[in-house]
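For reference, the structures are reproduced in the following blocks.
Shared between the two complexes below is subunit A, which pairs with subunit B and subunit C, respectively.
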Partner chain A sequence: MNKENSKGKAVFKALLSKNELGAVLPLALLLIVVAFVNPNFFSTGNIFDILRTASFTFIVAIPLTFLLSSQGMDLSVGAATSLGGVICGMTLKAGVPLPLAIVLALIAGAAVGTLNGILIIKSNLPAFIATLGTQYLVNGIIAIITNNLAISNFEGNFKQLSQYKLFDQIPMPIIYAIVLGIIGQFLLTKTRFGREVLAIGGNKETAYLAGIKVNSRRMVTFIGTSVFASLAGVLIASRFASAQPAAGTGTELSIMAGVIIGGTSMFGGQGTVIGSALGAILLATITNALILMNVSTLWQNAIYGLILIVALYVDKYRRKALSGE
Partner chain B sequence: MKKVLAIILALILCFSLAACSSGDSGDTDTPDNTGDNTPDSTNEPSDEGGDSDDTVVCYSFGPMTGGAAWGQFERGFMTACEELGWEGHYLAPTADNNMSQLFNLHETAITNGADVMIPLVTDTDAMSDILDTAVEKGITMVGCCMGDPHFPGYIGTDPTNLGYTVAEALVQCMGDQEIHVVTMQTLLSTQSQVDQVDAFEEKLMELRPDATIVRREECNSSAQTAQDKLSAVCIANPETNALVSFDSYAGLGAATYVEAEGRQDDFCVIGIDDAAEILLAIKAGNMDATVAQMWYKMGYESVYLANDVREGKEIPEYTDSGTSIIMPEDVDAWAEEMGTDLSA
Partner chain C sequence: MNSEYILQMKNVTKRFPGVVALRDVSISLKRGEVMAICGENGAGKSTLMKILSGSYTSKEYEGEIWIDGKVTDFSSVQVAEACGIEMVYQELNVMLDASLAENIYVGNLPMKGIVVDYKKLYSDTAVMLKRVGLELDPKQRVRGLNSGQMQMLSIARTLSKSPRIIVLDEPTSALTDKETDILMNTIDDLRREGVSFLFISHKLDEVFRIADKVVVMRDGAVVYENDVKSVTEDKLVEAMIGRTIDNMYPKQPAQIGEEVLRVEHLTVPHPSNKGQNIVEDISFSLRKGEILGIGGLVGAGRSEVLSAIFGYITRGVTKDLYLNGQKVNIRSPLDAIKHGMGYVTEERKQTGYIWVHSIRENLTLACLDKIFPRGIVDKNTEKELADQMFERLDIKAPSVETMLVNLSGGNQQKVVVGKWLLSQPTILLIDEPTKGIDVGTKAEIYKIMNELTHSGVSIIMVSSDMPELVSMSDRCLVLSNKHITGELTGSDITQENVMKAAIAS
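== the complex of A and B ==
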């Protein structure tokens, strides 16, 4: 009996040690419920729909995992997403070849990230307010250059970038997200850069004394976040064959919520790209599952919020139990 | 590095000062058509409304700057102000659709000495105090989109007429097929859209009593959300074969769904407004029709209605700026008439 008990405790502890538990548990519960209510949820088409939705969020969540792990934060990712799509759209309309248009969009994203880095790292401004300022600035620039009009009717294969389906089944954004996710997880867990980012998040001063180039590493995380957000913007523009000035508006907080639910600490020092993927999938699943269960839209926001709170509680409980408090 | 930053900040400050000083000329003959988001600080506040000179200062409001619909409204409004020699200001929140900011902008206009206002009343209770103040200050008002006892009349797309027109467009496009339709609006809490959808359902039941409303959905002006939600709705309710949008991004998302699923022949999408991407979706066969509201006319005529009120003339309680159904065969002519560029 004692042996069984200790085995159970060991399994429980092993479960608790997984950073991703906060996303996995609510996701599993949701899947069980929706499977009973509407088995169509598990149709191939619906699964790929959910994964496609999650992939746009996840592409931004990958560098955001690094950023939050290093105690950073960025409220301008939505604006950078819109900017990426708009710059790509405008340059395409001007006759610039697609690869160059994408590069220009990414450069615009890098400029946003660099500005954030200068404001926060060099000028020591609080990240919350500084990136909020950048968000307004970038959204303002977008409104000025587009007059808030979407850019559409592109020549060539721009649409194929997001609309093409591998084997006639798998939307391309899922493939991009998987590839980038694998690279991200490798970078975070298997490279010196990843360890340094986590060390900075754990304690900046100690990291500095240990010889880590704190400022340059943090700068990379800010630039990377905006570049990936711009890339997501390009893919969204391709999905709708229309670069919308507000494509990323309002997405920043939900993406951050996905990353945190996935097990990345808001206070730095801990991060998991796999967890961020699960967080993104959870967010995409909630809306989809609620519709499939025929839950009225009036209830959806409340239930969405509740599930997020449960996910955060699970994560909090897990951390507390692990620390033995 | 600090020195470089200091120089940059100093330069920005110099530019700001230069920009402010150039605005002192009070160039009322050439109103700014680019979307003035902030009231002109050179207007002296006045207790009775109006500037000390004879130029009539007129403010209008929208939920966003630019855009396919409100951009046209602004152009119409500015053109009419220019024709009358008025000083026109179009104000919009920095965050699109932010209603509390929109209310504040009305207060700002009053404080800045508006003679005429075209208030955008989205919630009559919430705006009651603001409109009381405007009445006390003697500001002439003509409403936009919704009526209110504080002003003698308003111009807009009548929600009932719009809902009816959308229902007629759907029935026309569906022919004899069964109708199982989803409605999608910006937010379920937007009262004017709720009225439109109510009217749509009423008319649809009158025209096609066998039709079913599968769901009322919202997309928060996100084409992504619209496509994702429509996908899920179609899985939950496989009989769904139509979507009518009361938000232009809902139509765009639905058109993308139709294209991705290859459902051009068995799924009907009725869009709203006449943005280039909507017209292109119709041309591509991913959308069946759209219902265009006359935004330019709304902005333009609102100013002339206000002028009539100032001159003591009576105006109708409601002026319908009208709607028009655009079918695939109408797209090119419509785009040409509206000056919409559909070229690649």
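== the complex of A and C ==
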């Protein structure tokens, strides 16, 4: 190998070692293209709109970052999102005060996560299939308890939870997402819990032999994921002033795509909450851009699917480059 | 039929990065001959098998393979099969939920048009089962058979392909004496029909019983070859271990003190053979500052002993452990670490390090208490501890932030050892301390072990590297056939004595 080539390789490797790159590059590219097509894109209103959409995704993406970096996975987050909104909505309707209604929604989420944890950690079922099972189970329960009807016409200030704008400008979900994101990033990079989760994802056996409580940590990541998903469900219900039984349906894969494209590895051991934020923003920007560029929203799923596949390739290639192959 | 030899390997050399696995190996096998291949762990036997099975294609090694006196290009697994070569591997490889018949004829089912001819399948199977002494229903599922029966089933599958050359890898390790007899008789019958065998075995009594010829391999080369009739057991043992011991083991005996650990009535189930134990009711003790070596052949249960003591395997394990005379309950690695133990496992990649994490993160993994006081990282302490160990072990890498995946095997091993040094154990379990690492790093690992014992740490070391075992151990246990078959001290720790105990039954 000649010198120049190896130098070029080294630069390329250094770039790849910045995990968040997978989201930054396409995001930048997209912004440039959209800006040319429709200058309205950069209006303050539109930017906040994108960020608000991204916030709902990101709130679920935070614990999912932990879950994926510990080599877990969860296809039931969409169902847990719907469940959170529906439980909050139904209890509110029954006259339960708002704080308690939110707590009940989060407890319902915790129950879903606990079930996932038991199936995957205690019974050793494959996460992919097990969480697909809980997804159907939870969606089924939602259909039964709601009769598949949305819950709306809330009294009181439930709406304000998501619709209030700080300084008349910044939607509250963005604030929640930023606060939770900072806590998440701190937890992942600065605490023992974060180190243990990454170690488990990097090599479960090595972590266990080093005295890490592998099962208990994994359980926390599963429960945390479902709890955050149900919180997102509550916020989405507030945003639309309506708890939809299918509010979260179909979000599980796009959120996962956001996390992976942000630089968290499907193979475990590496994760970044900041990257997940960028990933969530990228996905929200794509949806928004499609509308602004007058592309039919029917294209959206196809494009998300494509992005997920590309993200997986980037992840795989990143791994290979790191191992020097 | 223009040659008396059915198979000849001529000057075969197989290299791996940094290691020569086979060195200029030539063997010639006649029709109807049983050739035994003996050698220590790592002598090159499994590489030889992979070449004959076509798993390593002819492009990956030097040398030639001749079949029936004609040079043949072993470019794929299919070529090997077409030449009539079949393998029976040591690890059981069966479909548990398929019938016996399907297992035997998988990929080769008798057809009637486009459907399977079940009548023929079951009658053919009955013939095959009879041949290997299995009195079972061809329609029966495999699940529920014991490991000996499964091994015989694998042999039946091999026979069903009417092979001309059969390679058997430790075929009797899962068999009872009665099953072994049946296998020996089957081999005898087939030999008379002109089938040839390569019989890889540690068990010298079987070699003398069945083989015509014996080949001894050591460090990838054929070092001895003779007719079985004209060799003695002593001669074979000598050939298996007879390498020169170089001067790289600077064992410095430490002050040996009181007993620190006593293991009593340790029984560990066999990892793959259901219903059998790999070690049964063994007891031993370890003293302060001592290196207790554990020798034995692969599969004797040495690693399992360490894993069971450390609480890494617990299912079906029974044990009584006493630390400094106090009975302790160790049910997980965490318990073991709390009691001052560390465990360097044999398989670095699977259980030793995290390959996508940095040297720093790997080194501090077993002492998270120190670097996360109150749960939040103390970066300075972490950096200090990692840098200190990095220098002490002289790890060759750009910095402590280098990922493990970019290190050589020797440096990875240093990181794994360093991880346990940072947890400051009083008892260190080490499985194959220098497996797959270069000579220079080996000497450094020995130096660290000496330093540890001098500071009062006790070590249990499992090793397949004879010179290492012999020169580093203060005392040496040998495991064979579920039990401790030898306990050697001082000048009795010799390669001959270890090998004799290791093949004892």
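Note that the second predicted complex is superposed on the first by the 281 of 325 C-alpha atoms of A that agree within 3 Å, B and C clash if a C-alpha of one lies under 4 Å from a C-alpha of the other, contacts with A are read in each partner's own complex, and residues count from 1 in each chain.
Convention: a residue touches a chain if its C-beta (ideal position, glycine included) is under 8 Å from a C-beta of that chain, and two chains touch if they have at least 3 such contacts.
None of these values were measured; they are calculated from a predicted model.
Undergrad: Fit or clash for subunit B plus subunit C once both are placed on subunit A?
TA: Verdict on subunit A: subunit B and subunit C fit.
Undergrad: Considering only touches as defined above, state whether A:Ile236 meets subunit B (first), subunit C (second), both or neither.
TA: first
Undergrad: Based on the superposed arrangement, let me know which partner A:Val103 touches: subunit B (first), subunit C (second), both, or neither?
TA: Neither: A:Val103 stays clear of subunit B and subunit C.
Undergrad: Let me test your reading of the model: by the given contact rule, A:Gly250 touches which partner, first (subunit B), second (subunit C), both or neither?
TA: first
Undergrad: Going by the contact rule stated at the top, is it subunit B or subunit C that touches a larger number of residues on subunit A?
TA: Subunit A has more residues touched by B than by the other partner.
Undergrad: Identify the partner contact of A:Ala207: answer first if only subunit B is touched, second if only subunit C is, both if each is, neither if none is.
TA: The answer is second: A:Ala207 touches subunit C but not subunit B.
Undergrad: A:Leu292 in the overlay: touching subunit B, subunit C, both, or neither? Say first, second, both or neither.
TA: Touch status of A:Leu292: first partner only.
Undergrad: Tell me the contact category for A:Glu196 with respect to subunit B and subunit C: first, second, both or neither.
TA: second
Undergrad: A:Gly269 contacts which: subunit B (first), subunit C (second), both, neither?
TA: It touches subunit C, and subunit B stays clear.
Undergrad: Rounded to whole Å, what minimum CA distance do you find between subunit B and subunit C in the overlaid structures?
TA: Value for subunit B versus subunit C, nearest C-alpha atoms: 14 Å.
Undergrad: For subunit A, which residues lie in the overlap of the subunit B contacts and the subunit C contacts?
TA: Looking at subunit A, the two contact sets are disjoint.
Undergrad: State the interface residues of subunit C toward subunit A in the complex, per the touch definition above.
TA: Answer in residue numbers: 310, 312, 332-334, 337-338, 343, 345, 350-357, 361, 365-366, 368, 372, 375-377, 403, 405-406, 419.
Undergrad: In the complex, go through subunit B and note every residue touching subunit A.
TA: 1, 5, 34-35, 64-68, 70-71, 94-96, 188, 215-218, 220-225, 227-229, 231-233, 235-236, 249, 252-253, 256, 259-260, 275-277, 280, 342-344
Undergrad: Which residues of subunit A touch subunit C once you look at their complex with the stated criterion?
TA: Where subunit A meets subunit C, its residues are 190-193, 195-196, 198-199, 202-203, 205-213, 265, 267, 269-270, 319, 322-324.
Undergrad: What residues of subunit A sit close enough to touch subunit B in their complex?
TA: Touching subunit B from subunit A are residues 38, 40-41, 43, 45-46, 49, 53, 56, 118, 122-123, 136, 139-140, 143, 146-150, 152-155, 163, 236, 239-242, 244-247, 249-250, 284, 287-288, 291-294, 297-298.
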